[in-house]
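The chains carry the letters A, B, C, D, E and F, assigned in the order they are written, with residues numbered from 1 in each.
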Amino acid sequence: MRVVISIGGSVLAPELDPCRVEGHAAVVESLAREGCELGVVVGGGGVAREYIGAARELGANEVQLDQIGIDVTRINARLLIAALGPGVDPKVAENYEAAGDSIRRGDISVMGGVMPGQTTDAVAAALAEYVSADLLVYATSANGVYDSDPKTNPDAVKFDEMTPSELVDIVAPMSRDAGSSAPVDLLATKLIERAGMRTIVLDGNDPDRVEAAVLHGDHDGTDVIP
Amino acid sequence: MRVVISIGGSVLAPELDPCRVEGHAAVVESLAREGCELGVVVGGGGVAREYIGAARELGANEVQLDQIGIDVTRINARLLIAALGPGVDPKVAENYEAAGDSIRRGDISVMGGVMPGQTTDAVAAALAEYVSADLLVYATSANGVYDSDPKTNPDAVKFDEMTPSELVDIVAPMSRDAGSSAPVDLLATKLIERAGMRTIVLDGNDPDRVEAAVLHGDHDGTDVIP
Amino acid sequence: MRVVISIGGSVLAPELDPCRVEGHAAVVESLAREGCELGVVVGGGGVAREYIGAARELGANEVQLDQIGIDVTRINARLLIAALGPGVDPKVAENYEAAGDSIRRGDISVMGGVMPGQTTDAVAAALAEYVSADLLVYATSANGVYDSDPKTNPDAVKFDEMTPSELVDIVAPMSRDAGSSAPVDLLATKLIERAGMRTIVLDGNDPDRVEAAVLHGDHDGTDVIP
Amino acid sequence: MRVVISIGGSVLAPELDPCRVEGHAAVVESLAREGCELGVVVGGGGVAREYIGAARELGANEVQLDQIGIDVTRINARLLIAALGPGVDPKVAENYEAAGDSIRRGDISVMGGVMPGQTTDAVAAALAEYVSADLLVYATSANGVYDSDPKTNPDAVKFDEMTPSELVDIVAPMSRDAGSSAPVDLLATKLIERAGMRTIVLDGNDPDRVEAAVLHGDHDGTDVIP
Amino acid sequence: MRVVISIGGSVLAPELDPCRVEGHAAVVESLAREGCELGVVVGGGGVAREYIGAARELGANEVQLDQIGIDVTRINARLLIAALGPGVDPKVAENYEAAGDSIRRGDISVMGGVMPGQTTDAVAAALAEYVSADLLVYATSANGVYDSDPKTNPDAVKFDEMTPSELVDIVAPMSRDAGSSAPVDLLATKLIERAGMRTIVLDGNDPDRVEAAVLHGDHDGTDVIP
Amino acid sequence: MRVVISIGGSVLAPELDPCRVEGHAAVVESLAREGCELGVVVGGGGVAREYIGAARELGANEVQLDQIGIDVTRINARLLIAALGPGVDPKVAENYEAAGDSIRRGDISVMGGVMPGQTTDAVAAALAEYVSADLLVYATSANGVYDSDPKTNPDAVKFDEMTPSELVDIVAPMSRDAGSSAPVDLLATKLIERAGMRTIVLDGNDPDRVEAAVLHGDHDGTDVIP
């Protein structure tokens, strides 16, 4: 089974904590041992937020801020690579072809952001498309897709299952605001829809949930089924 | 004045016609003579559509199709470069830094697509952000932004003026369908919104309209004013 | 057996036709199943000709025209890659080292043109040299090497067999004219000669002929035997 | 006058503080206004230290740690670029040729680390060599070169002036220990010696000292005079 | 006037001799002072021959030999760059776009070989095409184009003037043998012919002849006039 | 066992001699047959010295001289590659990631210098660190590490065994002079020390000594044991 896992920055590195990274690495290695072919896309987290804040004060434009964010995701990728054993490609993949190349040759490939204007959510979806993954998992700080923001609406209902089109429809209005409450970025959902990609959105704070979801389909998040 | 012009594939090269390309080149050169600093982003057009259709039949995935589309936009960029005089950078810019570099050094920079998952509409918005452009012009096959699709709704009303947020709100539901009727891609509108970028959407079939719009603010399209 | 196949643009894509590409892909895959290590070099065909014609009208110089031609060959390479199964390197090789790398690792490598001033015929010969191929096959629109142009001379005689030096001697005067009647480019023949490369020139319009020639030495074209 | 300034990580970004970066940018811009041609090399600082610590716990080897350090210096370079006005090359130079190129074309060039095994001190010295700088300034957390470590030896004497060879001789034994007390890295001093490069080592915590030193030769640090 | 000068390896560096290189640099600088825009392409010479001989004994194939030759030409380019003053781009151009870029920005650009299968003669012709040079000069060890090899035929007659087509016709049979007596490589002549490039072939052992030829049209070699 | 071998330029190519290169290649192949994973770093030798001398006369600065030296080491790497059989990566690795990549995939990787300011001794140490080698061997023109320069001091005593720290302490003062008598470059020793890398320094003029040392620990040089 070929799987792409997106580990959000807020899940991998809300602040720098080797134990957290180690935990995610352990799950990735365990999945590899079970025979999964794996691409992993990591986000920026706390350091990215701080650097972007500082750069914004210094007058950086939005593209420059994106570039700084991408740089931090790639350092986070190096951390995860350091924590993974010999089965990982020690190079951070900087585009889909490089990642696809590693995966084809049997390595775990780890990447961060790719280009200004795209979140790592979208990168994960595009990588899943590119390598024709069987499954795309978003390990996020939310524990699934809700019909409204559970932080502000106590009656928000979580979807156990939905189609990619329903995902786009739910995420589109949520993505409208600056402090977006969407569990997955809108561009990512549109890529999932066009590729008809099987996707799981789950709470990644406990990495073991990713393992259970991939190996046994066992999770509390949302299944997106084309 | 620093201007980024997006020339849609359907406007530059619905099919290969040197006269059309020549017409757009003439306007770009004229703007340069008037002192504009210029970045130009071109789309794919008919050849892209044909290649993508063939590749889809052959089993290419969506990212591979995007890559073919990007390749064609870059050949179209070469055509426009050939038609432009000595003030153009003869190299097709492959990312924002390369394009920004050319523009800073006084050249007209021409680019096509950049990465799978991003349209050339979004590339143009990101380039405009990156070079802190004063104006972004979409020369499209639509003659502005309507409140609904003018092809199917005879009562659709064109906006003369709107804010970036209104643009996002109008485009979001239009982008929902496969055969999208949106005059500008949704990701592009979100980049315009975050950068607060002054934007004009107009009918680019007659390139002279671009010139009038940039130099005199004179056009029949839609002004997006932050 | 290590084989480099040159599929001329007029054979692969006189115009864009997925069936033609599919046919060539089927033969390449069949050869791979038979144990051949394979490099494939594809030409430009009809789209290249159209783009080059347009660019010439727009004032492009010869090197710019070559670059456009190379770009189109690389898109054609993407088409062939899309049609090939999992044994192909999904990246278009842009130089001999990249192609050699793929082939060494057991992949089929597909490439187009490399540099202005070199045809894809010459690229195929250089790739064959670089990977020390056992056989180089030109799948062309001619059905072999004649002592004069069979289109204008009804008494032209086809060679069943010749040496590389004889090939150079035959091709040199034919390459003299603009609308060259040479079945293989002169530079290519000189590379074949210096490397002493076993080569077959045959009619590639029916891709099955390539398969028969490679596997059984069975063909109606010309054998170039060092 | 052509000047290369090395701004140590502990001086530019002991922790992320836009005001500090702004202060250094102001001095660089002021020097540029006075006609200096400028290359700036920045270090890693607090974030580098944290990332390297985390990566070390995760099992990264020394080269991987160096690479993480280099990545962070390059983000710091982006911060400084954001704070600088239009005279700076917006791209982070990744090698000496790129930096030299920017400087030759009249831009301020900013770079971080280059390769594992080299500190940014050494990068600054090599850049100064490469662009034949008239002056190399180390803005460090030390306020000059002492004959022993002033932190542990209250009788340590600061050199007002010394030759490059004397600098090497002083720094060599100091570089011996893990927690080196050397104000400038040993490899850097050897590059300074071989190039006979005029160098100033001063306390960079107050960036104005760099300005006074460059423009008026006025500083409390150490002059290294070949 | 835009000029591309090809300095053959046997002329620039039959063996390593700084004085020879200095002499050629002096002429290039003098031409630049007279207002010429300049691209210079250098060959391999004695060191290339030695390395290629050694590599051949060690079993290198023809493409590997070409690559070694290219590497040596690029070191020779570094030598010439070292000898040239501040008006030269200090980077060796590795392709036509890089060289064209330098020349457009007012620098002298120096390059060596580009790709296996192409001599530096052909590189010079392609560069001249790419930058739309007014004149291409071959500074060779021959003192012009003869109707037969003057080394073996005492009655060989030198052409004072000829067309590009005549040049191709003369060179083609000469290029037939391994130890070719052709003063310019056949592929180069074909590029000259297709571009209709004004070309001079002269004895470059005395670099002053290049200067007289470019500035005053004064030389003893052969004028190729389209 | 993973081994990195540094073959000094004075050992591989004091002047160009295919037999010498062949001898070293034979040992490398023999070690590979015995199951070693191998990275090889080669130096510049006589040709480098000549080119650097010529460039210095022509006014090249130290970084330019380093670049020429690096170029020559990479040609020497091509020679060694030509002499090695099919188990070698035919591409010269230009950085640690490329070399590590080849070694991970089971190839012998050959590289030369990497960056100005670093000797190939240091490159070998950094590569050994990067690939977590079990052993680093310096095949030099010295036959081990002495307590003083054996050329000038007849009473110099060779170390049979020493720690990395002792190696640094011995080499540091030796590296002080221009015509350094140190058997291994100082930066290299510091990298060896920080990585705690098992290292052997031996006379590489007879390549068989490298084989005996790696396979049987049998040599007359110096063992550096962390």
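Methods note: contacts are C-beta pairs under 8 Å (C-beta built on N, C-alpha and C of every residue); 3 or more make two chains touch, one makes a residue touch a chain.
Keep in mind the model is a prediction, meaning the values are calculated, not measured.
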Intersection of the contact lists for chain B and chain C: A, E
Intersection of contact partners for chain C and chain E: B, F
Reference chain F; chain at largest CA-centroid distance: B
Listed chain pair C-E, A-F or A-D that repeats interface B-C [over half of contact pairs the same by residue number]: A-D
Farthest-lying chain, centroid of Cα atoms versus that of chain C: D
Where chain A and chain B are represented by their mean Cα positions, the distance between them in whole Å: 30
Between chain C and chain F, centroid-to-centroid distance (C-alpha), Å: 43
Contacts with 2+ other chains: residues of chain C: 64, 90, 105
Contacting chain pairs - touch in the sense defined above: A-B, A-C, A-D, A-F, B-C, B-D, B-E, C-E, C-F, D-E, D-F, E-F
Interfacial residue positions of chain C with respect to chain A in the complex: 89-91, 105
Footprint of chain A on chain B - complex, ascending: 61-64, 95-96, 114-118, 122, 125-126, 129-130, 132, 168-169, 172-173, 175-176, 186-187, 190-191, 194-195
Chain C partner contacts - residues on chain A that touch it in the complex: 97, 100-101, 104-105
List of chain E residues in touch with chain F within their complex: 16-18, 21-22, 25, 47, 50-51, 54-55, 57-60, 64, 67-68, 71-72, 74-75, 78-79, 81-83, 90
